[in-house]
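Just dropping this structure here.
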Amino acid sequence: MTMNQSVTSSENAGKRKGQFSDVWKRLSENRAAMAGLFFLIFLIFMAVFADVFFDYQKACVDLNIAERLQWPSRAHWFGTDEFGRDMFARVVFGSRISLSIGFIAVAFGLLIGGILGALSGYFGGALDNIIMRICDIFLAVPMMLMAIVIVAALGTSIVNLVIALAIACVPIFARIVRSAVLSVRDSEYVEAARAVGGRTGHIIFRYILPNCIGPIIVQTTLRIAATISNIAALSFIGLGVSAPTPEWGALLAGGRSFIRDSSYLATIPGIVIMLTILALNLLGDGLRDALDPRLR
Amino acid sequence: MARYIIKRILYLIPVLIGVTLLVFFIMHLAPGNAAQIILGENATPDQIAALEKEMGLDQPVIVQYLRYLGGLLHGNLGNSYATGTSVTTEIMARFPYTVRLTFVAAVFSIILALPLGIIAAVRQNTWVDSASMVFSLIGVSMPIFWLALMLILVFSLKLGWFPVYGADSWKSIILPAVSLGFMNMASIARTTRSSMVETIRQDYIRTAYSKGLNEREVIMKHAFPNGMLPTITVIGLEIGQMLGGSVLTETVFAWPGVGRLLIQSINGRDTPTVMGCIILMTISFALVNLIVDLLYGVFDPRVRTMYR
Amino acid sequence: MRKNSLLLKTVSIAAAMIMALGTCTFAASASEDGGKDSLKVALTEEPDYLSSCDHDSLMGVQMNLLTYNGLTRVDMETLAPVCDLAESYTMDSDTEWTFTLKDGVTFHNGDALTADDVVASLEYAKTFEASLTYTGGIASVEAVDPLTVKITTDGPQPNLLYDLAYHFNMILPKSLIDSGNDFSANPIGTGPYKFVEWNKGTDVLFEAYEDYFDTDRKASIKNLDFVIIPEGSTRDMALESGQVDFVYSVDSADIDRLQNTEGIALEQVVSVENFFLYLNCVSTEFADTNLRLAVANAINREDIVLGALNGYGTPSYSTVSMGYPESTDENGYTYDLDKAKEYLEAWGGDPSTVTLDIICSNATKVSIATIIQAELAQLGINVTINEMDSASYQAAMRTTDLCSAIVSWSPANAMTYVKRFHSDRRTNTPACWASDTLDEMVTEMSVNMDDESRAAQITDIIKEANTECVFVPIYQVNYFRGHSADLQNVLCGATGYVDFCTMSWS
């Protein structure tokens, strides 16, 4: 009996390994997706090593009013803001905040949504009904509006922003995981695992979740992109991150009154946000194509 | 079909009640005292307590909610804390503007996205494919208010083609609709592309080709109507995105819609108006999706037969 | 084939709907043309009410000034009260005033103004709790004859002429008060402009009142159209493109360019509105005067004006704005780090244990706080910034937990201003500074009916307030109103209002 189980799982693992190298091969042939991936790796590198290049206190807190609103130059690659702070340093530190909020919010959304979706799909019945109806309610409110209401009610802070954006992701992940679970729940190897008395949690994590990893990865990249763009939107209406934290959306929103004479102030963070979202979307789309070769 | 429609409509009711419950309790978490907001900074604690009693704010949240729900069933969304007038009146004065903006934005994004998606599918895996997909993604990547300000700068101020703000002529809807619709182009184009790619591989399309029809005819007459179905669903979902995005577009262009009212009332902690705006937008979104589902039934015989 | 026709139908329906939308909106735009007898004004926000008693907001009062008059009004140039609906007044004793009304004044509904309307209006205003600061001093009002009103105050009220000019005390027709008229939907008064229409979210329209009683101040521009454009850049671009004629508040980032734009004129007014750093003097370390003085002398106000306002503001070194006849900056502050450190020493605590959490309700306040944060770092004081919506901000101001806030205020006169230093203000701002010395001085001043000695008392109060450092003044706002250069006689008051009666097109 035990032998049977281990054979199934190792077969499964082998199949998965082969799958991943196939996916990677297909992905690496997609130039747009690879460009997105490299850009993201570059961004993450900059975010992690920001302290090596710049001094946070100097770049983000100290002011130098005499050098305010300077256009990009060799001394200040992205120019200076209305307080004379170097915009390049602020954008680099901003990547840390923006990417972390994006990643953390989506990770929480994925975790909670994933658990709910897995429970819902695996057990079915009344539990499934309750969870899915609650998801319907959350999905019925346009995501951006939901985030606005939550932040407005809880107050503006990074933590509340993460909560609001995570909640917006939960039902989406719950649905994806649920349908993936449904598709394999009654498959032979899950039946087998159940037959040998595997614990439910073990079965879900060992056999079921790995099978929906594809759509989850795709959706995760796309959600991070959407989350970053939502933070920018929330900043615009004053529900984003407070100064002087150099979050991208806050930089963009803060530059908007200078859009006529110092247009770089809004344009540079705008372009950085755009490239990041573009990169995430290209990667997400590339992954989707790589995981579902039928379409290519 | 009638049974299907009724079933869909009945299903909406619990969802909408759930939405009101959800939004009501979230708004209830907000700090700040409604009576205080209405009475202003000179009010004494006694006056505040008296008004709270009058408004029923001293009662348990659940009682307040049930009263709200009761009012909602009669189309009464309560009175605005800021202006004292009926929220229903305030919102209905602005709603047509939001509908108009969202509609034109949707039309704009469809007009742009369908050709992009179809061309990408037909020229699959060529540079045309990648270029049109990247182009459509740029739309979703661009921060919407930044795009809006840039559009005003170029098309209103530099070129003088469109008004800077307002809603008083057909010209004034163009820029807000473009900035709003641009955002949704990507997913519509993408869905069109993938469903067209799938459709093109079907046997009957091959048959059509073999009959000697040219590519244009095959694509437009045979592949396109069938490939449209998933696209319709996505358009319905994107309307929700646009309702959310209208909050930004309406602020930048001073468009007198519900989105701007929402921001205004969030700043003033005008809870009844916030609730009203969210509920109205949610209902609109739900209705759009209902229509989409019904259209789906019309287009797809399989759905029709299922509920005959 | 069938599918195709369905598709065709869908597309043609969509096309027809767009056409319909196009035509119905096009018709509206075609009508606007002809000679310039109208003015389009861009406001930053929509007024909540057009009635006089339901609100206390800048935009609301600006609208009230169009449709209503008080017995007196505050002259926009001198900030002194002058007669408006009153022809003249006499002070019979410290508590008794007699006002004679102008003859032949009519309301927009045709009613003639009589003493009964005045009695009814002032009594109506008292029924609004929020108005008590401005109506509370009036004990009784009686009509002596159709054109004479006698007002009795409870105790000497040197502020009465200002209070009567306040919007709560504007005069409404008795007949409409009695019939329960909604003055926000139907604002009938005696004012220079008649209300025409309010399209919620879009615009508010007024037209000149032909029978206005004051011929010197009769409106010369026939139609006023107030549109609401919340976004600053959009507002300024609308002015530049000629889509609006007047912008109520020009974004400071656009001032330089608009000043050099042909066809556009900018009015600059150094206002009496001052921004200050409010400190909790009850439950934080800032209860210590030396610590407040250290902060007051450690802030480079020039930098704040440059960084947060693009150079368009006036640094303020006294707790009461300069610009009132009684103003003084004696015992005021400077930017002097050494002096600040001396005060810090006198306080004796460890600055690194102090956290100053500043709440802000808009982007400008956040900018100010950002600079304060950098400057107080030089003293070793840690500053955090907390941005919130205006309603939460107002709620926070009423608590004793509040640490600090950026606050702005612009009362019409210095007397109202210094009354803020009395401890009875603690009902509204419970954490504000209060001292027996100031209480005594304010109480004594507020019953002094002699203008000259009262002015001297006010100046003394300001000096004392500076010594005690009741809060930390930062700057006085410069108002910038932008308009088409063809618009003449634009009068903008230092308290924030614009006089639309005097304007005319060249």
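Chains here go by letter, A, B and C, matching the order in which they are written, and residues are numbered from 1 within each.
Rule of thumb we're sticking to: contacts are C-beta pairs under 8 Å (C-beta built on N, C-alpha and C of every residue); 3 or more make two chains touch, one makes a residue touch a chain.
In this text, all values refer to a predicted model and were calculated from it rather than measured experimentally.
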{"item": "A-C or A-B, whichever has more C-beta pairs in contact", "value": "A-B"}
{"item": "Chain closest to the middle, measuring from C-alpha centroids that were averaged per chain", "value": "B"}
{"item": "Taking each chain's C-alpha mean as its centre, the one farthest from chain A", "value": "C"}
{"item": "CA centroid of chain B to CA centroid of chain C, Å", "value": "37"}
{"item": "Centroid spacing, where centroids are CA-atom means, of chain A and chain C in whole angstrom", "value": "45"}
{"item": "Intercentroid distance (Cα basis), chain B paired with chain A, Å", "value": "23"}
{"item": "Residue list for chain B, restricted to those that touch at least two other chains", "value": "30-31, 149, 153, 251, 263, 266-267"}
{"item": "Sequence positions of chain A contacting 2 or more other chains", "value": "152, 155, 238, 256, 259-260"}
{"item": "For chain C, residues that touch 2 or more chains besides their own", "value": "231, 233, 237, 389, 392"}
{"item": "Contacting residues of chain C [partner chain B, same complex]", "value": "3-4, 6-7, 14, 17-18, 21-22, 25-26, 28-29, 45-46, 48-49, 54, 56, 129-130, 132-133, 184, 199-202, 227-231, 233-235, 237-238, 240-241, 243, 389-392, 394-395, 397-398, 427-428"}
{"item": "Chain C residues within the chain A interface of the complex", "value": "231-233, 236-237, 251-254, 256-257, 303, 306-308, 310, 362-363, 366-367, 369-371, 373-375, 377, 385-389, 392"}
{"item": "Residues of chain B that touch chain C when the two form their complex", "value": "30-33, 36-37, 39-44, 47, 82-85, 89-90, 93-94, 97, 100, 103-104, 107, 149, 152-153, 156-157, 160, 163-173, 221, 224-226, 228, 251-254, 256-257, 260-261, 263-264, 266-270, 298-299"}
{"item": "Chain B - residues contacting chain A, complex", "value": "14-16, 18-19, 22-23, 26-31, 125, 130, 133-134, 137-138, 140-146, 149-150, 153, 186, 190, 194, 197-198, 240-241, 243-245, 247-248, 251, 262-263, 266-267, 274, 278, 281-282, 285-286"}
{"item": "Complex contacts: residues of chain A adjacent to chain B", "value": "31-32, 133-134, 136-138, 140-145, 148-150, 152-155, 225, 229, 232-233, 236-239, 249, 252-253, 256, 259-260, 266-267, 270, 273-278, 281-282, 285, 295-296"}
